[in-house]
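Two complexes are shown next, each including subunit A; its partner changes from subunit B in the first to subunit C in the second.
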Partner chain A sequence: MTTFKRPLRVLLAKLGMDTHTVGVTVIGHALREAGMEVIFTGLKQTPEMVCAAAVQEDVDVVGISTLSAGHTRSLPKLARLLREAGAGDKLLVAGGVIPEEDKPILEQAGVDRIFTMGSDTRDIVAYLESWWAQRLAEDAA
Partner chain B sequence: MMQRAADVANRLLAGEVAAGARAIRWLDDRDPRGPEVLAAVYPQTGRAQVVGVTGPPGAGKSTLTDTLVTEWRKRGQRVAVIAVDPSSPFTGGAILGDRVRMSRHALDPGVFIRSLGTRGQAGGLSRSTHDACLVFDAMGYDIILVETVGVGQDEIDVVNLAHTTVIIAVPGLGDEIQAVKAGLMEAGDIFVVNKADRDGYDATHRQMELMLHLRAQTVTDQRWHVPLLRAVAAKGEGADAIVDAIAAHRAWLDGHGDFISRSRMRAREQVLSLVRDALADRAVSISGDAIMHRVETRQLDPYAAAEQIVATLSGKSAAA
Partner chain C sequence: MNRPTGPITPATDPIAREEARWQQETRGPAMGDRPERRDPFVTQALKWPIKPLYTPADLDAIGFDYSADLGFPGEYPYTRSTRPNGHRTDFWTMTQVTGFGKGEDWAKRARYMLDQGLSGLILEYDLATTNGYDSDDPIVEGEVGRAGMALDSLEDLEKAFDLPFDKLRYLMSVCNAPQPVNLAMIIAALEKKGVDPKDFVLHIVNGILIEYTCVGRYIYPPEHGLRIATDCIEYIIRNHPNWAPISIISAQLQPAKANPVQEIAYSLAIACAYIDAVLERGLDIDTVAPYINHFVVNVDMDFFEGVCKLRAFRKCWARLMKERYGASKPEALKIRMMTSPTTIALTLQQPLNNIARLGIMATACALGGAGEAMTTPLYDEAHALPAENAIRVGAAIQHIVAHETGVAETIDPLAGSYYVETLTKQMEDAAFAEMEKVFAMGGALKAIETGYIQRALGREQYERNKDIEEGRRKWVGVNHLTREDEAREIEIFRLDEAMEEEQIRKVRDLRARRDQPAVDAALEKVRDAARTGANMVPPCLEAVKLYATHGEICNAMRDVFGVHSADSQLMGI
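So, the complex of A and B:
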């Protein structure tokens, strides 16, 4: 018997009106292979819906795929809603089509990390794993 | 910012979603604060009707759940959904996708949806599912719907958990022989043939009807008339009749004192399963790897090993 390991829980959601799910599906499977619990919310989510799901599911990470612009409004709004819901300690990660010049705006608004097109899933897994190890160490301290 | 169990317990009793969500996380993660919260809220439980929804993969469990939630909301009932999906036995990871079909309830404060991975538990549920039901019960939800993983022939743990079990079948899965074998046919309180607009509906309906007749002959205590209903969940058809049947079953349970006896059975099942887990953990920690190694190297047979471990445990508890 090994001791029970707390799995990392990740909500994956798509903000915006597009229906391109390949990216978010590939990432979901990579995270599952890495032993994480991945919760999908479906298409065409609003920041309010994502926030409600993140709270109900008590996830550690909220991952947003955005491919149809609008992210400079929707992502800061999501970050604010999460803080207001007392869920500001969740890691907020975004990916998809995000122009370089938008990055500072999003980072300033509370997006913790941005993975743009062409990111290697192994880098995403490694980033989440190291964040989680650090969080678990903080909790144990 | 370590959260305290007493604080979370008080907040969830007041109905706060984030507190309920955290309590379930602790219970699912086997954090010691989980049992502390349960101890504090347990006296407030015992009111909600726990409804199990089960059936083979692809039967439309999530879609049907979505339409049932809509129907209950129309009737002013608050609903919690526990949606269980399988965890990988290799990595422990899981894709929990049942929310996708329930998106329209995302912003309804009368609906709380929680996804759980099985985390190594066989039988169609996670070991934390009982606990999550208690949390939702304490939060005051009227209905707690438990959607199991897609089940095969005997993964029917949900029967020990739910007051009312709804079994979903669909045309064209070659159910005829499966239905005969399956413990499912003996277990359900309500049967639904979903995707009833598909070819093969009549045959599946006939087959189910026959099985229910056979069951009525063999089950002696058959006072509840098990309904066989049709649904096309994707079009929202059939939800009203199913919700009616679930309410009728609750009334029947209340009238016959079976609500209390089923609740008692559920509590007993949960206690016994916790005892099993705790004893197994202690047995392993007391006996260590040595005895397992002797079994692996064929110096000791498994029965003798088990007996030795149990004897050690008894010795320990007698000394305590």
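So, the complex of A and C:
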């Protein structure tokens, strides 16, 4: 088992008017159980609000849950705002209802990883842990 | 939450003695060294232990008393049915909720449905509307007209109500947070159409408290949400006594993974919050309860949890009205339910399997008493827009259950089953215990404000997801009998940018040509009423008639009430 210097800090957020929270709640519990610090922004957030929260809370990871069709606009905008705020090194991940054909658009725009419906929470935890281990190793080097 | 450890069987009971003998002489030796296929056997949502066998000794152990626990159909405590003749006179009303297109297309779709012989319609709004924004608010970009009709002003409703009102007898309006504004718009639109409100039933869902626990379409802090919902209930009881001022959509708690005990306890505690608030306005319980007894309840795949939940629901409502409020009129003691198979049991994978699931769940609904109406989701629901075939099959499922299975030919046919009565009683007891816990906190409003209910649901969501990921619950197509080659295509709505732009143009155009000083004055009256505690419906009515927009009136209330923002604690994360 990997031990980390400090727990990974994750900001979870929902963009736009979509208010379905079962997915983000399950992820929140799974990450916390894996020892991560989880902060939830609440509902009905704009990209500007999420970016400000990510900077203020000094998180390592920003996780967006989206079940609304607005993700092709809001996610690239969030990625751009994070870069402009000097927070482009944070890991930006998204999950929810995201059609296959949208994935390249989002990845090109700066979303690091997309987990679609039915993803196993253990895979998500493992991905974040390995990203964090690599980041710490890079910092140490 | 209280979980029974399983009934204690008194050893003195002759049947219990026989059961012990059977265990030793017959079952034990037959099992030999082979383990059972599940360890432990538990119900799906509650995870309550299931014994290998239930006998009269179990009924004795829980103190089962036919007269007190069941009684007769149409009589207190209504466990067997609220209807004296069950479904032998009429079947439940068979309904189906389908999408309604968007914007001004709603009238066209509604006319089509009325031509098909329907006399009742359900009007759903987009997320901009239900969250209290106008279509041109930047925060709702991409949501206009998507999940339902876009409603910015009375003009939109005037167009939507271009309908033959001689055919339309019932309209359900699904709008929770901005309900006084929505109610006012509908009243104003009906007036313009010259519809006599006595000849027509408007049913507003008005269920704001559940929104704070799971769905999230709230605007104001919970105390203000409850207050304006109460304004609507009071206004309807006093002015339109033939209308329906609220539905408790227990079927929203269920997909948020409330187990049957939590579902009964929280939805009834929430009903009590509305009842208490209306009673404070000087009405009596026998007048109020028949307006707040309309519930929508889902049934999941655990057949017996489903059947027993519906039976326990009826009894819990009756007991609560009698014991807590001293209600005496049968109309106050009888719950009204619309039941439905749940969508969360349906899978995206292998969608035809969902037809089997729907048939089983609809049978459980019918065996649990069905209620006044039943609605069936569609087997391709997880995919997106329902295909015509799915709509036909959805309707056929209810007819197959009703006409071909015989389950509705006698009243409450599962009554007396040792297992069913044990589970029903355990659910009733546990639901009352959980309700008492909520009442001890100060009631549902307090339990929501402190995040108690949200956290309870959050834990269930996580635990039950783990059951599937770790294989304790087998789900065909998801973690059992899966097919590697299966393409998992999801259709998703694409933004109709032209529609959104048109709606934005319309609302801006309206603002430019109306009597602005009059609108400003009307909005100030809305703020005044919000501050003084006067009923919100009359000032909203005045404002909508002057074409103040939905978002403007919601904003006027935001000025006074503030907005609800939920952090991790309040979201159960």
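The working rule: the second predicted complex is superposed on the first by the 136 of 141 C-alpha atoms of A that agree within 3 Å, B and C clash if a C-alpha of one lies under 4 Å from a C-alpha of the other, contacts with A are read in each partner's own complex, and residues count from 1 in each chain.
Methods note: contacts are C-beta pairs under 8 Å (C-beta built on N, C-alpha and C of every residue); 3 or more make two chains touch, one makes a residue touch a chain.
Keep in mind that what you see is a predicted model, and the values were worked out from it rather than measured.
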When the two structures are overlaid on chain A, which partner does A:Phe40 contact: first (subunit B), second (subunit C), both, or neither?
-> both
May I ask you to decide whether A:Met117 touches subunit B, subunit C, both, or neither, giving the answer as first, second, both or neither?
-> second
Thinking of the overlay built on chain A, is A:Arg6 touched by subunit B (first), by subunit C (second), by both, or by neither?
-> first
Is A:Val26 contacted by the first partner subunit B, the second partner subunit C, both or neither?
-> second
Identify the partner contact of A:Gln56: answer first if only subunit B is touched, second if only subunit C is, both if each is, neither if none is.
-> first
Is A:Met17 touching the first partner subunit B, the second partner subunit C, both, or neither of them?
-> second
Can you pull the subunit A residues that subunit B and subunit C both touch?
-> 28-29, 33, 38-40, 42
Mind pulling up the subunit B residues that touch subunit A in the complex?
-> 1-2, 17-18, 21-22, 24-25, 29-31, 87-88, 91-97, 99-101, 103, 106-107, 112-115, 117, 119, 280-281, 284
Which positions of subunit A touch subunit C when the two form their complex?
-> 12, 16-22, 24-26, 28-30, 33, 38-40, 42-44, 46, 68-70, 73-74, 97, 99, 117-118, 120-122
Subunit C residues touching subunit A - in the complex, by the definition given at the top | 127-128, 131, 133, 138-143, 146, 214-217, 255-257, 348, 457-459, 461-462, 465-466, 469, 478, 488, 490, 492-495, 565-568, 570-573
Give every residue of subunit A touching subunit B within the complex, in rising order.
-> 1, 4-7, 9, 28-29, 31-42, 45, 48-49, 52-53, 55-58, 85-87, 89, 139
